[in-house]
Amino acid sequence: MRKRKLADRLLFGYVWLIIAWLFLPIAVMIAFGFNDTRSKSNVSWQGFTLKWWGRLDEYPDLTIAVMNSIKLAVLSVVITTVLGTLMGLALGRYRFKGQGPTNLVMFAAISSPELVMGASLLSLFISVGVDMGFPTALIAHVLFSLSFVAITVRARVVGLDPSLEEAARDLGASSWTTFWRITFPMILPGVVAGALLAFALSIDDFVITQFTSGAMQTFPLWIWGATRIGVPPQVNILGTLIFAVGVVIAVANSVTARRRP
Amino acid sequence: GVEGKKAEAPKKDAVADFWAGKKQNGTLRFANWPLYIDKDGKDYPSLKMFEQDKGIKVSYTEAIQDNGSWFGKIQPQLAAGTDIGFDLMVMTNGNQLQRALSLGYLAPLDHSKLPNFAANAAQKVKNPAWDPNNTFTIPWTLGVTGIAYNPEFVDEVTSMNDLWNPKYKGKVGMMIDAQEIANFGMFALGIDPEKSKEADWRKAAAKLQEQRDAGLVRKYYENDYIDALVRGDIWITMAWSGDVFQQITEGKNLKFVVPQEGATIWSDNMCIPKTAQNPVDALALMDYVYQPKIATMLVEYINYITPVPATKDLVLANAAKAEGEDKEFLEQLAGSPLIYPSEADLAKMRGYLMLDSKTDQLFESIFQPITQG
Amino acid sequence: MTSAIDLDEVIKEYVSHGEVVQAVKGVSLSIAEGEFFSLLGPSGCGKTTTMRMIAGFEDPTRGKVRLHGQDVTNVPPNKRDVNMVFQSYALFPHMNVWDNVAFGLKQKKTPDAEIKRRVGEMLDIVDLTGREKRRPREMSGGQQQRVALARALVNNPRALLLDEPLGALDLKLRQAMQIELKRIQREVGITFVYVTHDQSEALTMSDRIAVMNDGLVEQLAGPREIYEQPASAFVAGFIGTSNLLAGPLAGGVLKVAGGRVLVPGGQDGEVNVTVRPEKITIDVDEPTQNVSAVPGTVAEVVYLGTYNSYAVRLSDGTEVTVFQQNANDATITAERGDAVWLSWQPQHSYAIGS
Amino acid sequence: MTSAIDLDEVIKEYVSHGEVVQAVKGVSLSIAEGEFFSLLGPSGCGKTTTMRMIAGFEDPTRGKVRLHGQDVTNVPPNKRDVNMVFQSYALFPHMNVWDNVAFGLKQKKTPDAEIKRRVGEMLDIVDLTGREKRRPREMSGGQQQRVALARALVNNPRALLLDEPLGALDLKLRQAMQIELKRIQREVGITFVYVTHDQSEALTMSDRIAVMNDGLVEQLAGPREIYEQPASAFVAGFIGTSNLLAGPLAGGVLKVAGGRVLVPGGQDGEVNVTVRPEKITIDVDEPTQNVSAVPGTVAEVVYLGTYNSYAVRLSDGTEVTVFQQNANDATITAERGDAVWLSWQPQHSYAIGS
Amino acid sequence: MKRLTPYLLILPGGLWLAIFLVVPMVFMASVSTQEGNVVDGFAQTFNFANYTNTLALFQTQFLRSVGYGLAGTLIAIALAYPIAYWIAFKGGARKSTYLLLVLLPFFVSFVLRTVSWKFLLADEGIVLAPLKSLGVLPEDFHVLQTTVAVVGGLVYNYLPFMILPIYVALERVDPRVVEAAQDLYATRRDAFRKIVLPLSLPGVFAGVLMTFVPMTADYVNAGILGGPQNTMIGNIIQTKYLVNNDYPSAAALSFTLMAAMLVGIFAYAKALGTENVLEAAAR
């Protein structure tokens, strides 16, 4: 009995150790957003300041990059969510010819290396002579998150009790009304989860974006560039803000998920 | 397939053809290297003055880390004849610029719109070998690639061979640019890079490979060598003069030397991609920075060799007005051989070897496996 | 008067893994207005399929469905004025009780005031007034069951279809809800079609029962007839415990294991005779009256509170089950190993096809 | 002879959300060698917790657990020679039937030849020979149940603990498995501790029953005693249907609703008297003998096949349930609305604490 | 109409996948056998030597990448399993909180996280400098630009994709099955070895799938944290595409990489059932 407690306690300590490891770079990132550094690169701790918060827009191209990231994420989420939800519905609800190949392609989309996806898109765009920038990056972002959304929605659709829809039909609802009043609200958590996932994938993406964005900068691309001369505190702050938004969304989602069916 | 087109020799009326019907649009997208312009908080004072004087709004981006990756990025678009997102960019007089020139990616300059260049540019930057008559480019600044080190860990450096010193194993920084390291390899072997041949390249490559295999080289850097040096990841490194100068003025304990074997001098040049949306605005800026007053603002900040000799007196005048640290700094600047090099200084320095498309490929294939393997 | 629901030689085939499965093999039914009608049968016999064809969720492969005399075979479910209570209730989890119950009326564009009145009334009937704002998962199984009922009934359907509505409830609650359902049916007076595989539930509640087996109706009759005059061995076995004695019948008498079974009106030849365990009397002495009488040995006595269950082994090895109520005046009880005589009145023997 | 299992004032407390919950509040039991012992009670009364303390999965907060006289309170489950059959079987999903059954023997490093022999024999007993290679999910509920049983029994445990082993089965299968379990217990002759919340199951199978309520044993006795002499209103109500008549007792007679209830040996004062529905006789005339007799009106008659259930309303509004077997000679049946007399022998009235 | 519904639903997304996933692969295949350079142009010559040449030239990086991928995956399993186990079995009411804690760091951009490591591990940075000044470590000790840094970065960045599927698999293990094993005389260790571990293997498999491929094809970690001895195949491909504009070799290398990965995955998925893996991948 003694021994069991000890093992549990060791394991517990280990879990916190790993959590600490996971958070270490995040903590440093947040802290150095408050560093009163005077030099162009933010390397050593010089004291606490809030001044960078007021000077967030000091790098106009950084601001543009962040805006690009957000625009890209929002637009790709909208497209991905619509297309992915439709696919999830089809895959979860119906049996049809072509389901196998669809699953296969989705599987390939999820499991082929991002690098290869980016590279092959680049091959296509170069060969066709497409002007690379926001639209091409958008295409790529939708591409890599689509399957994730479809699968998330499909899982929800499969779990949906078909008698709910029948009950609605039985109570006089047309198929259209049944979809909007019953099916959609019921799969909504899956759709939201898929959308959040797509947002997270898009806002964070570096590899495919690097291949497909042409001259357009996004937040991760800007950071990648900035690492050449040291990352200014503004990046830490923007990272902190995005992190905070993510945390709020995740916490809110998990709290409301507990209240949802 | 992807078609690359070899440019024909520019026709006489090429300039007129390009500029015909082009108007000032009031906006300008400028791609430059990091820490390569004067900055005050979120403002770029020289650009601000330009905006006020000319009514052209500038969007300035530190988009270029390295000639290789920059050219790699814009090449597909230029080949396809589409906008690269910039109207003005700064490229070094190396391989990539050579390629851009031979592929006809650049707009020929209308020198009638560059009176300040004609009036104020140093004679030595006019009509360079790589771009006769400055047909496509005029310099932004010039600079020297030498050795920078941290005297806390490294004994006084005088020779290229210090980059091969086993004492600094894992603490040596080298550059990823093929021409940059090729020159250093050749300097170390006593070869004049400007006159080198394939056999020399192979010898230099072997020398560099030896350095790499010995585990001396921490990393082949782009412009990020300076960050690594400042943070102490490397103690001794190939470096660009102005970068080090800037750090020294910020109080970092660093030294920059031109080794006894020689050093590379290069020129970073403004040029207009032929797909630019606002070429007239770009041309306006090119000329604007050749006013001694503006060139002084730039040199006081970026600390590289200025193409405008008249700035020296203005710097000294500013020094007279300033006090304390600032005064000291400006005086140092005006006296520095790295900013206003003498003929004797320049004699020790060599430029890059000029390559055509055949030799270019061979050259890259010899040096790239070292830096990018 | 036309009947409420008619099925006319209805057949339903499914194709699964390339094979055709006949779930319903030709069912004809006529359910009267106001009747409490049960479909009873083992799992997989086609009860749900039959029900779903009435509701309109499945199209019959062949045959016709008529509601109130009108052919609805091709009418979609939302256009049929019958409503269904699903086995697992199928309450809309994202709507509260009120919205669940009001759903059907809203679909029919009923004026708000009327919705308010009718939903209120209905919640009153099912005794859920005051819980309008609850979500389904915040309610007990029995309460959910009543919401499902209210949601269907509020539409004044001409018939209510219930697919094992009590299947998910535990015994006590189930018994309480049986009484409740019966009460509500009496109150609203509409036709109930009730699917169950629980025979005691069907016996308790129904006016008539259709016992289904393997896609067919084996017997359609009132509870007492089903129980006491089963049309087949299947029905006899499925409804309650039943003893089966087999042998050649001659002159109305079947000779078994040293005893006699009187089968009045039975035709001579090989027969199967059923006797219900509760009809049999256990006695030590051989009965003399004009009754069926078989000797045997008590193999097992199980005390079940309300009654004892005896397993009596006959000399030919057959085991006969006998129930004996632990009644007011119960005095004679046999013990394991006792030699006994079993006897019963002639009318309790019932000859059936095998 | 020492008993197989002893619980000595066992208490189990859980801390949940900072609050202390007493799941078992002080239980003492003594289970004899070879006994079929049942723990019966409503959901949440502490049956599983009690069982898990015997198996060693929970440490009692206070009190002692003894197996065969030996204190095992601090012995881990793998060192106790009792085995458990879990409610949902807890078969190892990644092992086939054979490996599931052989698991315990392998853990005890039994020689291979013996494992082979014993597993083979055991599978024979539970009638699963030929399915050794099946995975649990490829088997029906009843088959899984038998694998679980075999897996536990093959170890020759000194006692077998079964936590609602039939809970997941449907009625028919459940009844068949009850008989099977009883047979196996008789065959292997070991102590069974059986948890159930189904009273008829407990009555059918047990030698003794502990009726639990809210963490305590309310009554511990044989089935007949539990049923006929319930120690409390809770026990009376939980085991079968029970009628409760309340009032002041004077001289052994309780006056209710125009009738009399004879309670021999009852102490004067306010009492609750229980009478089982099957003990009551319905008659049109007032009985004259020395029996309890109460007049009332038939409110409802439900035909249940084996018997009829009458709800008779007394003049004070109490509803009394009466069961009447549809027996051999059953002739008199009352109808809804009839005025009737209910009567029963004095010994069927049983006064209990409220 | 009813028949057509699933096709209409699948069409827009399906087309997107087909056009932008499948077609580019075809183009890449075509580019991979072309010859030429940026200045003189490229032409299709079905030059399959691109494959053999690049492979011969970069086999070190190729093998290194696979090696890093394997090492990273194994380390990730070792690190992730105990965490997933603890959360699934000991997390109690706070399971989802712990899970969230493990996932939260991943709301910070991948690149920024890696840059943050570069900062933390700098030779004179906040971790190493104090140790050096105490004399615990020699002056020239460094972590950046070493294999440790790169594999460490890979593990750090992909750890949640290992934790999550293992957690999901463990979460599905009925604790009563574990109790049953103990009841049948298994010690805690045996119960883990014979019951919990085999039942959680599908989760481990899914985790491997979700980490091995991206780790092997990664170039950000080697780019930021690695040195000349740590170049991965991803870095080569990236450089060839985006710096050297040597599209044919780059395409040939990408294709080789993808083929190697896909063949592995499909063999792997076949053994596990595609649905299964897809399901796991979605979590």
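Order of writing sets the chain letters: A, B, C, D and E. Residues in each chain are counted from 1.
Note that a residue touches a chain if its C-beta (ideal position, glycine included) is under 8 Å from a C-beta of that chain, and two chains touch if they have at least 3 such contacts.
Chains and their UniProt names: A, E = ABC transporter permease; C, D = Spermidine/putrescine import ATP-binding protein PotA.
No experiment lies behind these values; they were computed from the predicted model shown.
Shared contact partners of chain C and chain E (ABC transporter permease) are A, D. A comparison of the A-E and A-B interfaces places the larger number of contacting C-beta pairs at A-E.
Among the chains, the centre nearest to the mean of all shown protein C-alpha atoms is found for A. Chain C and chain D have Cα centroids lying 27 Å from one another.
The distance from the centre of chain B to the centre of chain D, with each centre set as the mean of the Cα atoms, comes to 92 Å. Centroids of chain D and chain E (ABC transporter permease) (each the mean of its C-alpha atoms) stand 56 Å apart. Of all residues in chain A (ABC transporter permease), those touching 2 or more other chains are 43, 122, 126-127, 227, listed in ascending order. Multi-chain contact residues of chain B (touching two or more other chains): 1-2, 73, 76, 231.
Every residue of chain C that touches chain A (ABC transporter permease) in the complex is listed here, in rising order: 55-57, 76-79, 83-84, 86-88, 90-94, 103-104, 107-108, 137, 151-152, 155.
Contacts from chain E (ABC transporter permease) toward chain B in the complex involve residues 31, 34, 36-44, 57, 60-61, 122-125, 129, 139-140, 142, 144-145, 226-229, 231, 235-236, 239, 241-245, 247.
Those residues of chain C that touch chain D in the shared complex are 43, 171, 198-200, 203-204, 223-224, 227, 239-240, 276-281, 302-307, 323-329, 343-345, 348. In the complex of the two chains, the chain A (ABC transporter permease) residues touching chain E (ABC transporter permease) come out as 4, 8, 11-12, 14-15, 18-19, 21-26, 28-29, 32, 43, 45, 82-84, 86-87, 89-91, 93-94, 96, 98, 102-117, 119-124, 126-127, 139-140, 142-143, 146-148, 150-152, 155, 200, 203-204, 206-207, 210-211, 219-220, 223-224, 227, 231, 235, 239, 242-243, 245-247, 250-251, 254, 258. Listing the residues of chain B that touch chain E (ABC transporter permease) in their complex gives 1-6, 68-69, 71-73, 75-76, 79, 99, 102-103, 153, 169-171, 212, 215, 217-220, 231-233, 357, 360-361, 364, 368-369, 371-373.
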